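In what follows, subunit A forms one complex with subunit B and a second complex with subunit C.
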Partner chain A sequence: MSETPLETLRRHRPRWDRVGERAVEGLIRLCGYSAILFVLGIFLFVFREGAPLLPKLDWGRVLLSPEWYPTSRMHVRYGVAAMIAGTLSVTALAMVLAVPFGLGAAIFVSEFCTGRVKETLKIVIELLAAIPSIVWGFIGLSVTNRLIQTYLPAPVGLNLFNAACLLALMSVPIIVSIGEDALKAVPDSYREAALALGATRWQTVYRVLLPAARHGLLAAVLLGVGRAIGETMAVLMATGHANQFPRSLFDPIRTLTATIAAELGETAVGSDHYRMLFVIGLMLFTITFIVNLLADLAVRGVRNKTG
Partner chain B sequence: MNPPPFSLSPLGRRRQRQERLAQGVLAGMVLALVLPLLALVGYLLVKGAPLLSWSFLTTNPTQGMRAGGIWPALLGTIYLVVMALIVATPVGVLCAIYLNEYARETWLTRLIHLAVVNLAGVPSIVHALFGLGAFVLFAGLGRSILAASLTLAIMTLPVIITSTREALAAVPMAFREACWNVGASRWQTIRHVVLPNAVSGILTGVILQVSRTAGETAPIMFTGAVFYKKIAAGDLFAYSLRDQCMALSMHLYTVTTQVTNAPEALPYAIAVVLLVAVLAVNALAIALRVRLRTRKKW
Partner chain C sequence: MDAPEYSITTRGLNLWYGQFQALVDVSLDIPARRITALIGPSGCGKTTLLRCFNRINERLGYVTTRGEIHVLGRNIYAPDVSLLELRKAVGMVFQRPNPLPLSVYENVVFGLRLHHRRGELPRARLDAAVEQALREVGLWNDLKDRLDTPATRLQLEQQQKLCIARLLPLKPQVILMDEPCSALDVNGTRAIEELLFALREHYTLVVVTHNMAQARRASDECIFMLLGRVIEHRRTEDLFLNPRRPETAEYIEGRYG
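The block that comes next holds the complex of A and B.
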């Protein structure tokens, strides 16, 4: 059998070149796997620091009691119920504000705008996403704090409502960009069919595009939720950081993330309090993992259907 | 009697009203997002303006951080960002090359994809815990620029992977096929055809990450950033990698929450420096992308 010209060409490459190529490809493969390694690493190292405390915890009390007295001399208690309530309430309120605005903006940008206006709006929303969370926190502390005290019937400006507004502004860009992608993924033939039936643009959006893009839009909302749950600095500065169940919109609250950020610096490495903060970290990791998994499943649902 | 020609039926009028209403409400929503952004940036600029000057950027803080400049924080942030991206960019780009150019649709690829998505979703404070557990304590780096920037690198990795993958996927398949047909191997194709065509897209993604990384606070709080550190003013090499450093984001946090009796304009000025730096880098990336799109030949 004679070899094809292609094979001749390949055979005549210098040896070092072929070995080098093998090495580079090995490196590429390694980096490809590294993402899995890092996720496992994060879980393992956070688990490793928190693990010694796990058997000592009374889980019923940890999850149901709001009593967080990690440094009490007589009776140390690690109840995180109030923080979970705080995280959930601030996330929920942020989503109540962000989802209509985010999806509305996504629809407006994707369906009602063209050309230069569309590009400009996309850039502005991208810039909104770029503002660091510490700057949002500072705005919460110095600007919205005062606004709320002046114009709303709230005794303190640092509260659930303040933090939720900031979180809403922070998660809107994600919702807009993923939501816009989802709408863009709806085939144009759907729009043309609706147009041919005499539907207005709003009718097309409402009756055709929203149902067709619902999985992608759901993913957008879930990614926004993930962002809001995991946000740290802005909620640390704007919630008021009071460990209690929120009873009204204007109650100060405390979140899981903020507790870690506020207390980790003051604990001794290896102490129970220190380990408990890592256990909270594990909880956060698990919650966001589930939310992201759901978002990914939602997106995949779309692909399987259209593909 | 027939209705007059060219006038809408009641149903048509209702539909038109609906359409206008929807458009108005949606436009209002967008304005409600855009206007606060402009108002806030303007407000911060006005409040911080009195302190902004060249010497504010290039001198050490004095009087317990109540006066003076922000030089150590500015330089610290630059060190952290540069180190983090030096580590994250090669790994992220190679990972994206693997996912886009080598991997077939298997459960393993699926798993990597899932890992990337989840890595992007891990809360920043959990990254901080990881950095503390893995780099500071386990690897024995101590609280240092090295430990903090490695933590930041892992945080930025998934975004670099995603943006690089998009840049690679934008290179038409025909380019690769043409290259394979003249006898080039897979790596030669990537090296000489795919990467040169994707490099500006990759660069845009990395530049965007510069601004995200510069603003992060939580991951560096416990891994290398400190409240105060005096360094030689104006010396670009004042930090070593095993040093702890100040950072702009951390400095803003410290000045607003820990320092009492700071002049009112000081935190605003720090916020403005951070914000302007971040937005400028972002604008650079966006400009690069826009230019790229107009120059694209396929």
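The block that comes next holds the complex of A and C.
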């Protein structure tokens, strides 16, 4: 053996390098593009199933009327106004509960606790995000349902408030982890500058960190909104699934997502009812697309400011 | 000559980061209205010492401090000392200019806003504070028409001057500077050094520097530190012309560091 390691390298590395490098690069590229492919594919599928009905719909009726009678013999009506109101109201109420809680927790985790407490909290919060939504729905049916009936002036426990509480608990982990990232991204020199001027920790947070991290925090909130709008199982189980405009916090409601989940299995493929459910899917697609776009723009705002 | 008046005195100051002892038996008297430079090789504890004087070291949870530090005659580790009052009296300038992501104006009045209620700060008072502080650091003429621009868009030299200016409305008596010129070019450095001389009239300045030539040019007294200990503390020209200790001599000759 007279070859030095360097000669071995020269002889064998280049070919391996080239082949291996290309293969890995191709694979990674495929992974990247596949995301686009899947999103487009799903959209096209939903669109294809819903499209034949689109020209036949009376959009004024659909968007403004609460009358949803997809199986009526005499007079089929596809009004989704009450469901849109249900989705928006349950999401809004969920955010009213989740945003202060989530941002507060993000601030606490990021700025006020250290070491073991911080690590434990982060793990527990991530665990909260990992609870399957059917479990949340189950809690809604059996636990919060009874609590609401016992302690609040509500005739039924399955209602807007119940579902909003569950959605809030489901969005909090997202808001906390993204919000914490946003706060962590604020340079430490800002904290030192404020503290050295005699700021208390809370003054540092609200005078310096919140303004500096506002884009990231907004993105956190919007992603939480996206989570709440898209949730299906928990709201199907906890809202009461009653197709009506909510008049109080304790009215049962119905959401767009829950309607699809509850009815799709009972429709004939290709029927108008079936296609209408896909149209609702398109509406959801549009709403979440707008929310995600806003979140993205918010995050981009961060880069422009700091970059 | 009348007896020197000391702004900061330490007695038997020891400090540990976890198990590592960063300061060993530091006993110092830092005179009022002078520029005192802290020099020494990296890791000698000069920045650590500086960060004791406004207790900003304590941000890190694993710091243990023993010994006494008196600032302006008060033991800053006494239980009744208010950290906020201490930091009002002892301002700090950092190595990299760190203006807050606010306008120039809001940076200068930031300290006032922290320590006063909204009602106590009429616009006229804020305006006056901004003008006075910016004049004192020589930024007023450059910036008086641009008070609303974000401070982070200024040149580095202006940013660092602004970081000094924002201390002034709180009427500090001591200003601590941690390598204030290390991010600046030659002209920026000269400008800051000139500013130091101007500020010396009213403030006690303690400046950590890596740059021996700067310590020599721009300080009245010089403290040489090594491995957490104070090796020598004398008037700057004495320290540089005839150092008493061999470690000092070797350091200022550039044999290590």
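Assume the second predicted complex is superposed on the first by the 279 of 307 C-alpha atoms of A that agree within 3 Å, B and C clash if a C-alpha of one lies under 4 Å from a C-alpha of the other, contacts with A are read in each partner's own complex, and residues count from 1 in each chain.
One rule holds for everything that comes next: a contact is a pair of C-beta atoms (placed from the backbone, for glycine too) under 8 Å apart; a residue touches a chain by one contact, two chains touch by 3 or more.
The model shown is predicted, which means the values in this text are computed figures rather than measured ones.
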{"item": "Partner chain in contact with A:S133 - subunit B first, subunit C second, else both or neither", "value": "first"}
{"item": "First, second, both or neither for A:A92, with subunit B first and subunit C second", "value": "neither"}
{"item": "Partner chain in contact with A:L54 - subunit B first, subunit C second, else both or neither", "value": "neither"}
{"item": "Contacts of A:V39 with subunit B and subunit C, given as first, second, both or neither", "value": "first"}
{"item": "Partner chain in contact with A:V19 - subunit B first, subunit C second, else both or neither", "value": "neither"}
{"item": "Superposition-derived comparison: subunit B or subunit C, residues of subunit A touched", "value": "B"}
{"item": "Which of subunit B and subunit C A:L63 touches, first, second, both or neither", "value": "neither"}
{"item": "Contacts of A:Q203 with subunit B and subunit C, given as first, second, both or neither", "value": "both"}
{"item": "Partner chain(s) touched by A:L152 [first = subunit B, second = subunit C, both, neither]", "value": "neither"}
{"item": "Doubly contacted subunit A residues - partners subunit C and subunit B", "value": "200, 203"}
{"item": "Subunit A to subunit B touching residues, read off their complex", "value": "5-6, 9-10, 21, 24-25, 27-36, 38-39, 41-42, 45-46, 48-49, 100-101, 104-105, 107-109, 112, 119, 121, 123-128, 130-135, 137-139, 141-143, 169, 172, 200-203, 205-206, 223, 226-227, 229-233, 237, 257, 260-261, 264-265, 269, 277-278, 281, 284-285, 288-289, 291-293, 295-296"}
{"item": "Sites on subunit A touched by subunit C in the complex", "value": "114-115, 187, 189-200, 203, 207-208, 211-212, 305"}
{"item": "Interfacial residue positions of subunit B with respect to subunit A in the complex", "value": "15-16, 18-19, 22-23, 25-27, 29-30, 32-34, 36-37, 40, 43-44, 90-92, 94-95, 97-99, 102-103, 111-112, 114-130, 132-134, 137-138, 154, 157-158, 161, 183, 185-188, 208, 211-212, 214-218, 221-222, 249, 252-253, 256-257, 267-268, 271, 274-275, 278-279, 282-283, 286, 290"}
{"item": "Complex interface listing, subunit C residues touching subunit A", "value": "54, 56, 59, 61, 83-88, 91-92, 94, 96, 98-102, 110-111, 113-115, 163, 166-167, 170"}
